[in-house]
Amino acid sequence: MKFWGTRLGSIVLAVAGCYLLQTIFQGNPGMNRLVVLACLWVTLSVSLNLINGITGQFSIGHAGFWMTGAYISGVIMKFQPQLKSMPAMQLLLLMMLIAFIGTGIMGLLVGLPSLRLKGDYLAIVTLGFGEILRIVVNASEPIGGSYGLFVEPKVNSIFIAAMLAVITIAACRNLLQTAHGLEFLSVREDEVASQAMGVNNTTIKVVAFVIGAAFAGAAGAVFAHLEGFISPTSFPMAFSFIVLTMVVLGGTGSITGSVVAAIVLFAIPEYLRGMSVNGEPLRFTLAGFVAFAIAGIGALALAKYTQDRVHDSKGKLIRYIGAVVGAIVVTGVFAAIFRNIPALGGKEIGVDQIRYVIFSLVLIAVMLLRPQGVFGHHEFGWHWFKSKKSQETVA
Amino acid sequence: MIGEWTPLIAGLEFSILPQQLANGILLGSIYALIALGYTMVYGVLRLINFAHGEVFMLGAYTALLVSWKLGFTQENVAQHPDINGSILTLVLLLFCSMAVCGIVGVVIELLAYRPMRNQPRIAALITAIGVSLFLQYSGQLFLPNSPPPSINQKVNPIQGATNIPLRKASAETLNNVSTTTAAYEAAKAAFDAQLPNEESRFQLSPTGQALKETMDEANRARTDAEATANSERVEIILPNGQIVMFFSAIALMVGLHFLVNHTKIGRGMRAASHDFDTASLMGINVNRIVTFTFFIGSALAGAGAMMNATFLGTPLTTFYGVVPGVKAFVAAVLGGIGNIRGALLGGLLMGLAEALVAWAGYANMRDAIAFLILIFVLLFKPGGLLGSAAVEKV
Amino acid sequence: MTWKQVLLPLSASVIAGAIIAGCTPSTPAEDSTTGGTSTTGTTSTSGSTGESTSARPAPKGGPVAIEGNEIKLGLVVSRGGDLRPWGVDCENGANLAMSELEGGKIGDYSVKLMIQDSNSNPAEGKSAAGKLVNDGASVLIGEVASGITATMAEVSMDTGVPIVAVGATRTDLSQKVNNFFRVCYTDAFQGPVMANFAYFDLGLRKVALVTDKSQPYSTGLSDSFRQIFTKLGGEIVDEQFYQSKDTQFGAIVTNLKSSNPDGLFLSGYFNEVGPLARQLRDAGIKAPLMGGDGWDSAELISSGGDAIVGGYFCNHYNAEEDRPVVKSFLDAFKAKYSAPPATTMGALGYDATKLVLDALKRAIDTAKAENKPLDTLMITNAIENTENFNGVSGVITLKGQNGDPLKTALVVEVQKTGFKFAKSFKPEDIKGVD
Amino acid sequence: MALVQEQEIAGDGCVSETILELKEATIKFGGLTAVNKVSFVLNRGDLFGLIGPNGAGKTTCFNLITGVYRPTSGDIEFKGKVINGFAPNKIATLGICRTFQNIRLFGALSARENVMVGANLRSKTVMPSSFWLLPPVIRETDEMRAKAEHLLEVVGLKEDMSTRSADLSYGEQRRLEIARAMATDPELILLDEPAAGMNPLEKETLQKVVRRIRDEFSMTVLLIEHDMRFVMGLCERIVVLDHGEEIAQGPPESIRSNPKVIEAYLGEAATH
């Protein structure tokens, strides 16, 4: 009874949360879209986490799965226009279901090489799959080729996107709540031992690929109907890397890590886009930027040294503060000096122009200081607030 | 479009097969050169250096900036048409590119990879992706990229192409070509004589129009005759620049092979690639080895970049290294990553595959098929062609 | 593993889906009543009849009234990624146009240009456009590529904010919504121009196409060229493909050589055309080369060397033209950025902004005359009614053109020192187009 | 409950049912014959030792039995059924489980989770149901957790249940491996050098544990060990391998006095 109570409660809570999200951001068209996109990124990163973090299969073809889902939905809408008479929400759900299944089958195909390949070799195969898909779509004119494809109707629903993210998270979390989830983790940890313990590695890997791909495909369908237009350029290879980065940055195998990293990494460039002073985008001089970069590298090195070599917490704190203060001072001094260098002095850049520079710097800094990812293998949960931290991943 | 694909066999033109094989080998040698950098770093550190493509990009920019310093800017060349590059200029560009790339590689290793050495490999990989993004996007702030500049062709004294005839056209067709050419020349001369009386080349009076039509007619006859001659002839035409690229690439690879197999530091590299920790216990300064590996690997990328940018003349953006980077990575994996001969083999195979796919009439699917080949090879040889799949000891 | 155990979760998922579907609140931006599929040039609309005379569907959102005394223009350009060279040029052109606005004011309104980056990605382009509209932009300007513009047009569709595309040549874009306009001509215009030029002026009959398969621009241009050229009686003897950023074209060059064309139409951008031209000449192909406005950059001569000299391409304007607006634009551009525009997007970005400013002036007058608050619909109508706007890239008329400008195209010849005017084509000169 | 019966049978020693039989099992790697025509028979309830100097082919023997390698010739029969070339997970399902010489734990997982992976082999629910967290799966997981905790108690790791297995000491890791293998409910358990790196006190405890495995859990035990005292004190029958060949077989006393064995171990036996 208690079980079903909890179960029902969490479902109601999730639906209510998604509905709340929808009502909050509904009126704000700019945010609306960003929230949907954030939900999609969360879906992508959690589903890749299942393949990459939890099962340990090094896949960097997730943009390919995303694209598959989007194109499945786009192509069906193109060749079956009578479907448009359906109510939009039901149509979107139908498309998500079809994309889910279709991309799952694609995941099966891509997952099969994983039975023979490992590590970097598997990575290049999954990368190659994404590229093949992009090139084939580019060359297939019936489905738009490089011209792209208009997808109608456009459906913009935070609720559905958020529910997709919640379901993805729930599926992965539920899996890790049970002993079956341990099979996935054991494949990641040691394939020989897991097989000796009777785990069917083949099944596990294929299931991981299928489920991971299927959720990405469903996200693709949502994306296609959100954008109303898809083309191969919408799914560049770089997206695969960004999803991978989200997984690793959050901590491989940590679902909460993936969620947080997805939201943060998606938000950084978008936040920087909007960063402004009195309505003008924040601008600073190139000299200042270079000075900041140099000081940043120095501060990072100092922080890294502190982390590795200094062991008393007071000394650590002092050094961390010193690194930050030092970085600020050095930035100021160097900026003053660099301003006199003609190549750097005159130029001004807006913060929105260097969004991706900052993005990459954050990436490097986090990886240097916390290589196991922000959450490591752990999940964020109530136990963090308890006195004794549990070291267990799951169950 | 799908319906219009040439049937596979029917579309094959065997007279151009030798030429296509040559194209493939020329293309493949550059892939191989860049792949060597991936392979060396991987061999020693087991790290895929995703920033390798960006080092390549910096190499191309170095060559560009040095050539500008030498006076080969567009304006300068336009003003002084007699400026010409020499072999010495090329060597200087090559040297600068290699040196700068080598140093950049070492700096990247020092700042971004060395702190990650004892960390999970995937973390190092993400750092590499971060470095790659950083170089791409921060390069846009500092490097000239709008419009994408290209190295002026005047730098390069090696122009033209070498023609290796395999089968000549028959005397009859050659004769036909010369007659039609003579007829065309005559018609052209007549038209040119009329030209001063006309408003412009494309706004002709009836007389001019008639002359032009005669000339066009003669021209079409001439191209038809040349077409017949072309289809009879079998030849290999090799652009001189690409021949130089090919031999330089081979020379660099031979040098590298010597370095790895016959020098002290090469022995260190081999030891480190075999077992990193043991090598350090054996008194090998692995840090020095790694630094050196990065220097050499990046310098090779620099050499490839300089030759690509100078001999082929593609305009440069900060994303210049992405495509060669991915292709070379594929080549390295295909040959067996970590294996130097594998990189050469993989590169050549990739080049040949691309040329043959284009030959078969699937030019639009070229890259896709290169990847397909890779996947198939890996399925049957999971460690690449020359790599040995690591057998785990149980 | 029994079937029961497998079926249970499956059926549970279906039920869950049904529940979600049933209880979902429908969003206001419902799209089930959209007009036709609009993949071809002539689409009839259903439902919504706008006040505009055009036969295109009206936007779903808007009109948005402009509050206060500030009109904001939103420009989306690619500051990062592959399209950066065109993006930077476009931004420079737009900024130049803004700086020529006296006092930064039209009538009582001050005009401000807001710029956002699309990072060469359609999705980000839409985010950027969404943000600009959120920040109060009343007109969107951009993008240089069709793919990004397509997603931006969706924003226009939803919000009613008009959009003036800078370099999106994809033909069917303008059919989506009636507040879409552009200052460039479409693929369906440029291709026929070059086909006519090749057939009649160069006297070519057997042409081979070289298409950049990863660029919609190139694909579209090749298609329209092929269509008209074959209709005129010519023959397309071969079509070869490459991808952007390829550097070695040996394989396709060899194929092209074996098909013995009279002439070659290279529909890609100058980045690849320069090296490609050199490799074509090295291989002994002497046939004349032709292309579209993607060739327009001084770098073409630098990277193509002697090989590209003698090639012809279709352009919007020519630096040596004696139209005063061209001269003054080039002088001002050089003065401001110490170099002439690197690509044709400099002029197009300038024109787009100028055209919008011109339309704003008329919209403000209309609002004053009708004594109504200025809103985006008025601006849309003002842009729609643009007639004989004297832009750098030609005299632009949008009235009654369904968003695609009526312009004159120039064919220019590549020479060692620059581009020389060869022939101009008015829309009515082009043969073979229905 | 069947377990109890079998235990009684084995304990009585009346019925000696053959559980594993190697029939001239041979494996060649290239030119090297790692195991050459090795034959022996394990009866249910045996405590069987497999010894031999380094490189004798003991671990390879284990790998043959557990399906890591396929024998080049000869047969391996488990409960009368030839299991040559079965996948390792299939063999584990049939009821053979092992530990590893070079410890192969799931490092990032806790001790309890490691054991639960083993226990999951006998799961009666299907994996898809765990995506929905259906009650049977939860119940089963709870049962497995309890089982794991019990087994950890048996091997003396109750205190360290939720410690990351990579953080355990060497001896603890060895014992954890045994618990993990036991969790799969095998009929035959193969222990590869379980006592390596343990101090004498630990070894003594381990001996008790191994006996308990046989007596209480009624598993047949086949173990590889270098420590002669450990083997002699524990095993009832012993096979000696040298250079991939079987050189002796029999109870500890006969092995101890076998000249061939002494020769093979020359110098080495003396130190132990």
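Lettered A, B, C and D in written order, each chain numbered from 1.
Definition applied: a residue touches a chain if its C-beta (ideal position, glycine included) is under 8 Å from a C-beta of that chain, and two chains touch if they have at least 3 such contacts.
Just so we're clear, the structure is a prediction, and the values are computed from it rather than from any experiment.
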item: Comparison of B-C and A-B by number of C-beta pairs in contact, larger one; value: B-C
item: Core chain by centroid distance, with centroids computed from Cα atoms only; value: A
item: Separation of subunit A from subunit B, taking each centre as the mean of its C-alpha atoms, in whole Å; value: 34
item: Computed distance of Cα centres, subunit D from subunit A, in Å; value: 43
item: Centre distance in Å when subunit B and subunit D are each reduced to the mean of their C-alpha atoms; value: 57
item: Junction residues of subunit A - those touching two or more other chains; value: 135, 138-139, 145, 192, 353, 356
item: Overlap residues in subunit C, where contacts from two or more other chains coincide; value: 79-80, 213, 241, 243
item: Interface hub residues of subunit D, defined as touching at least two other chains; value: 68, 100, 125, 131-132
item: Residues of subunit D defined as touching subunit A within the complex; value: 66, 68, 87-89, 92-93, 97-98, 100, 104-110, 112-113, 116-121, 123, 125, 127, 130-133, 135, 137-138, 140-141, 144-145, 162-164, 167, 180-181, 184
item: Subunit B contact footprint on subunit C (complex, rising order); value: 79-82, 84-85, 88-89, 201-203, 205-206, 211, 213, 240-243, 245-248, 250-255, 257-258, 260, 262, 270-272, 274-275, 278-279, 282-284, 287, 297-299, 301-306, 342-343, 411, 417, 422-423
item: In the complex with subunit A, residue positions of subunit C that touch it; value: 17, 20-21, 23-32, 34, 37-39, 79-80, 115-117, 119-123, 126-128, 130-131, 133-134, 146-147, 150-151, 154, 157-159, 170, 176, 213-216, 219-220, 241, 243
item: Residues of subunit A that touch subunit C when the two form their complex; value: 15, 19, 22, 26, 28-31, 33-34, 37, 81, 84-90, 93, 97, 135, 138-139, 145-148, 150, 152-157, 159-160, 163, 223, 227-234, 236, 269-270, 273-274, 281, 352-353, 355-356
item: Complex interface listing, subunit B residues touching subunit C; value: 13, 15-16, 19-20, 22-24, 26-27, 30, 74, 78, 137, 140, 145-150, 152-153, 160-161, 163, 200-203, 212-213, 215-217, 219-220, 223, 226-227, 230-231, 237, 239, 242, 308, 312-315, 317, 319-320, 322-324, 354-355, 357-359, 361, 363-364, 366-367
